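One chain, subunit A, appears in both complexes that follow, with subunit B as partner in the first and subunit C in the second.
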Partner chain A sequence: MKNPLAAFITGILIGVGGLYFFLPYDPLARAERPAMSAGTAADGERMAAGETLRRVRQRGFIQCGVSQGLPGFSSPDERGRWSGIDADFCRALSGAIFGNPDQLRFRPLSAKDRFTALQSGEIDILSRNTTWTMSRDTQLGFNFVGVTYYDGQSFMVRKAAGIETTADLAGATICTETGTTTELNLADYFRGRGLSYRVLSFEKNDEAIVAYDRGRCDAYTTDASGLYAMRLKLSDPDANKILSEIISKEPLGPAVRQGDPQWEDIARWTLNALLEAEELGITSENLDEMLESDNPRVKRLLGREGAYGSTVGLNNDWAANAIRAVGNYGEMFERNVGKNTPLGIARGQNALWTDGGLQYAAPVR
Partner chain B sequence: MGMEDITGRPAPRSKRLTPLVWAQRNLFSSVSNTILTLVSAYLLWLTIPPVLDFTIFSAVWTGTTREACLAPGAGMCWPFIWANIDQFIYGRYPPEEIWRVNLTFALGAAVIIPMLIPGLPARRLNLVFLLIVYPLVAIVLLAGDRPGLRPVPTSEWGGLLVTLVVAVTGIVASLPLGVLLALGRRSNMPAIRMLCIIFIEFWRGVPLITVLFMASVMLPLFLPEGVNPDNLLRVLVGVALFSSAYMAEVIRGGLQAIPPGQYEAARALGLTYWQAMGQVVLPQALRHVIPGIVNTFIGLFKDTTLVLIVGIFDLLGQVRAQLSDPNWTMPQGALTGYIFAALVFWAFCFGMSRYSTFMERRLDTTRER
Partner chain C sequence: MQRGQGGKVPFGWNNPRVRSFVYQAAVLGIVLALVWFFTATAQENLARLNISSGFGFLDTTAGFGIIQTLIPYTEQSSYGRAFLVGLLNTLVVAVIGIVLSVMLGFLIGVMRLSRNWLVAKIAAGYVEVMRNVPLLLHLFFWYFAVLRPLPGPAESIEPLPGVFLNNRGLILPEPVFGATANAFFLAIAAALIGGFFLIRWARKRQVATGQLFPAWRASVALLVILPGVVWLVAGAPFELEFAEHAGFDFAGGMRLLPEFVALVLGLTLYTAGFIAEIVRAGILSVSKGQREAAAALGLKDSTTLRLVVIPQALRLIIPPLTSQILNLTKNSSLAVAIAYPDLVAVFAGTVLNQTGQAIEVIALTMAVYLTLSLITSLLMNWYNARIALKER
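Moving on to the complex of A and B:
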């Protein structure tokens, strides 16, 4: 082709034609939809009730968004199996839907791309210790279904220092990470009480914990669950303790896209079922005996009475299958973060309401 | 250097070369040299013994759990590496299917190594095999989307497997694409030249991390529902386009070093454009820029670690993920994992760099003949 203009025009025609041919994209149809900036919420709205469950069933597995490695919540073990409370919640969901805990795929997400992944439909549920806040619930186009772990900011100090409460921290140097809400909470708390303190912030928590270990600061602060994990990285973990006082509220829970109430219900009631099971003393071990129980609450939960599963499009033994998959909430807690794990976290706020904790499930009836 | 002069003959020897004489000549020949020697020796003394101590002498070599590594003053925790080695190499690839990854690695080595040894016959056939047959076989083997093989979604790939898949795809795709782009940018046809310039400047103008983020997170929002290309595939395309833009500029540098007379002479002999480029200009141009090409390859190999931000675990990401296992959380955990990852990356990059030196020297001698 000698004429450059002809070559240019031909090139453009081939390019546009190729794009039109290969991409199943219809600009006219797209223009009628709401603006793309609101598109994330709009995507959710367009999804009819029951759509997510239908798609999950058709696909044969749940897409579960987890962290890229957070001790006790979601982390891969030596055999590549994801363990942790967040991972187990997805297994319970898979049990409730398919009767099999392993019909799911874990999608590790960074803190940055977790919300987009849920909005764009790449995952069906975000179980990635995400704090339930109003702005996330109302503005990001998804709903939280409950609290799997009540977390909150706390402090780690050396046992030898004789610090018992946060009041003893007056004038202390405190290590933390920069640019997180942790730092803001710290400032709020100490200023609110008129206590003086010095803060030493680091870019990464690994740097902060090394500084604490070397004695550059008197205390290290982050969310309590993180403190237990960081304590394992100290040269002498037993010489340090975590204060029981909590200075912020960080309710961590799974979230689903807005606009599919049925899917939201499935997730919410799976969590409730695990809590209810603990309250009723149903464990993964005694499940088969409990199926014969005469207790009406047990019968309703395990699907021997009423048809609660069918109201959300599941089988009536949904809760029994969820419990078979991961055990009740207490089992899940103890297995992943409890006293006999390296983390060794006490139940504390995460105990059932009957034991003085905050975990309280609405009844199945 | 000191032993030969520029003619290649041995330098005249005034003294016998005892170690003392060697040291006097090379390390303490002047005041400034002596100071530099002493300072360097001190810096080495400061760094080398602690590193050796941590990685070898006080390292923990045996054991199966983290308790083995908790002794006070214990160095690198090798049991952590042994216990997780499958994760580091294969990621979450199903253990019973790992033979497929091994077979892919072995096939890859069988195809690539003959390519690297100069003077073996059937290189053209081998090249076709490497560029067309092998990728198809590798895709079928790894993804297993064929009858008789269990499908393994790319979300379960990880570790060194992902690092190699991303790096090899980037390297193999960027060289031909880069050549085409470089030729296009020097073309006389304005449309092609403009398109190539726009392409190159666009991809060079955005950071790789943005490319990956766009490919993985934003693209699904723009595409219609149901069209959801595989996450790893999106990343591979992004990396290939990104690296080809860099490659194009490296190769263009080589093209510019070839005098126009070469091309004109080739055309005068009746060669077509592609013959002249392929048989006269490019062989000379590429030889000039081997260091630049390998530089791009090495940079690309290390850039693969960025895929972590889009939720794909390459070797480094997998190391970090395994570090979060509470059963292996320990004081020296992070250092252990990072040193291991550094060793693996270094082995690959150093290998590439040595090979490029070898090729340069070899091509230089052929030119001298």
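Moving on to the complex of A and C:
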């Protein structure tokens, strides 16, 4: 062979050229795009707007990412029906979009896998007791649409251990679940006070709680709401108590992918509608009477006045359908985690602002 | 090329060498283009979705704690450091697991061929039970089986003074090396090197003269006596720092975590079941005539096994054994289920969750397992080539 280099280059050209010819689009053009500066980001968003809603309508159901079983938030019963605040939020969304609360599929996700599932488009919305933090909002490419539950991290300990406050936990071994904000909060809290600790991070909270039950660790930590739920799984729930101290702020809320403002608006305003409904006294029971109400705020929310649904690509009775699906926020809360449930959690911070709580919805107008 | 072909086929499309060269270059071109295409697409999409990318995060403060660290690590260390901690935790489990499972596997494999009915059936039962239960269940079983009988730290079992056993682990006194430690380690090194040459010399002499010399025993004696003398002359090379009861737990000392013990136990027992079958197959492949010939020479059963059967069986054992060793290393990634902080738990778990950079983290994790597997394969292939049948 006189000229191996020529043959080699010919081969490469044939290969690359052949492949390039069959590609669905032009990668060279894409490679140049970053040079056109960040100004094009808005174009990108406009292109994607409405994409999620269009796909959800086409598919006929919403893919809703939930937990693998956290009583009160999202957990399946023996017949496989999901209940909980997070599951109900997806039902409300399904009601707002389809007029039917059950056009959705639940995707149980581990704490570790949930973000990748949302990033990759496997789910349309992540409604899985997820803390709204800056890094998740900015680095992961998500937008949080609001707060469904104001929570905070705390500890569960054995009553017999004589632990009264978190300061007594110096040197303790603490069990938790990996892939959550709890590991970082724990480290921050103990580091900030110069206390030593050992952390055992399990993949699933089921094993973590068994390890705690067997005495492998002195304390179990997660969000306070989760502690109440997990305590029910212990062999002797009454021998354990939850410390009153809260070591972190954990605003839990649903998240959507960044880049589709319409879908984000639908999720955000569905949540606001549920809160607004409680504030206006609209429940799933009196909804039909309220439809005849003369109160302009009620009229606007329920679609009797104005055309708020159409601005986000929905029907005008979107909010009425969401409320019909799950009731208002207060009903959702009491049904899933409230006083008369095994969890027995008081409204506390999750009461409406008019009752001294933090739940405050932007007005529908 | 013309030299080889004698210049008969001219350069051009009709020359088969030119053709094959072009084809191969074309395939290489396609592969490169695909790699570039996927990388560019991923970057483009990540940028579009505002997801951070790149490996810069490795220098960022990790901020979370890890329960077992073989190198100094605090919450202020970087994600890169956390990666190293996880990697070392994986390696220590893999190495200990491999050594134990190969030893146990050989023992069970030989037992299964025993003429003693009871021994053979026990080994057969072991293999069937261990091989047919999923590894994850093994891990849960051993983890909770290890935890259940152990008391809390307040009621620790103290089998030896300064040694505590409780559900926080096995807590041992920690040796703190003093000024004479160097001489002590030097003595151990000298004994090891001496033993190595002693064994080589003994083998050569046996080949040359037929005389036996108990070189192994002599080396072990050397390994005990030499450092022992140094200890006596120069004083103890280390002082023991005893663990003390403090609060809920013990402070100081070294500890063996229940998670570590359960993981090693589960991996070892599970993999040993497979290795036992490989060993049995290898031994059965050695023809009966070899055994009979050894018996005719008057060799004992154990000597026959050691000098005649096993060396020939090894040729068949090593290749499948390699894949079992690789399996064990990769299976150690189930550690996160029982909270042992291995590479997958620390890096592909906590770090991935905190940074959200799935592509980088998973790629790095995959690269680690690939590298470990390739290194293992290389070593095993080298060993296999050494023991392969030498045609004379």
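Keep in mind that, in the parts below, the second predicted complex is superposed on the first by the 234 of 365 C-alpha atoms of A that agree within 3 Å, B and C clash if a C-alpha of one lies under 4 Å from a C-alpha of the other, contacts with A are read in each partner's own complex, and residues count from 1 in each chain.
Here is the rule we go by: contacts are C-beta pairs under 8 Å (C-beta built on N, C-alpha and C of every residue); 3 or more make two chains touch, one makes a residue touch a chain.
From a predicted model like this one, the values you see are computed outputs, not experimental measurements.
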Taking the superposition on A as described, I'd like to know which of subunit B and subunit C A:Thr354 touches: first, second, both or neither. neither
Check the residue A:Asn295 against both partner chains and state whether it touches subunit B (first), subunit C (second), both, or neither. neither
More subunit A residues touched by subunit B or by subunit C? C
Taking the superposition as given, does A:Leu343 touch the first partner, subunit B, the second, subunit C, both, or neither? first
Have a look at where A:Thr311 lands relative to subunit B and subunit C in the superposition and call it first, second, both or neither. neither
Check whether A:Ser244 is in contact with subunit B, with subunit C, with both or with neither, and answer first, second, both or neither. neither
Once the structures are superposed on A, label A:Glu122 by its partner contacts, choosing first (subunit B), second (subunit C), both or neither. first
Considering only touches as defined above, state whether A:Lys112 meets subunit B (first), subunit C (second), both or neither. both
Taking the superposition on A as described, I'd like to know which of subunit B and subunit C A:Gly171 touches: first, second, both or neither. second
For A:Asn286, using the defined touch cut-off, is the partner it touches subunit B, subunit C, both, or neither? Pick first, second, both or neither. neither
Quick check on the output: what are the common subunit A residues between the subunit B footprint and the subunit C footprint? 4, 7-8, 11, 30, 112, 116, 119
Counting only contacts in the complex, subunit A reaches subunit C at residues 1-4, 7-16, 18-20, 23, 27, 30-31, 33-34, 44, 111-112, 115-116, 119, 135-136, 138-141, 161, 170-173, 175, 178-180, 183-184, 186-188, 190-191, 197-204, 207-208, 210-211, 214-216, 218, 257-259
In the complex, subunit B touches subunit A at residues 66, 72, 83-84, 86-87, 90-93, 95, 153, 155-156, 158, 189-192, 194-195, 213, 216-218, 220-225, 227-228, 231, 308-311, 313, 317, 320-331, 333-334
In their shared complex, subunit B is touched by residues of subunit A numbered 4, 7-8, 11, 24-26, 30, 36, 39-40, 43, 67-72, 75-80, 83, 105-110, 112-113, 116-117, 119-122, 206, 213, 229, 232-236, 337, 341-343
Please name which positions on subunit C make contact with subunit A in the complex. 1-2, 11, 15, 17-18, 21-30, 32-34, 36-37, 40-41, 44, 46-52, 63-67, 75, 140, 144, 147-148, 152, 167-168, 246-249, 251, 258-259, 336-339, 341, 345, 349-350, 352-356, 358
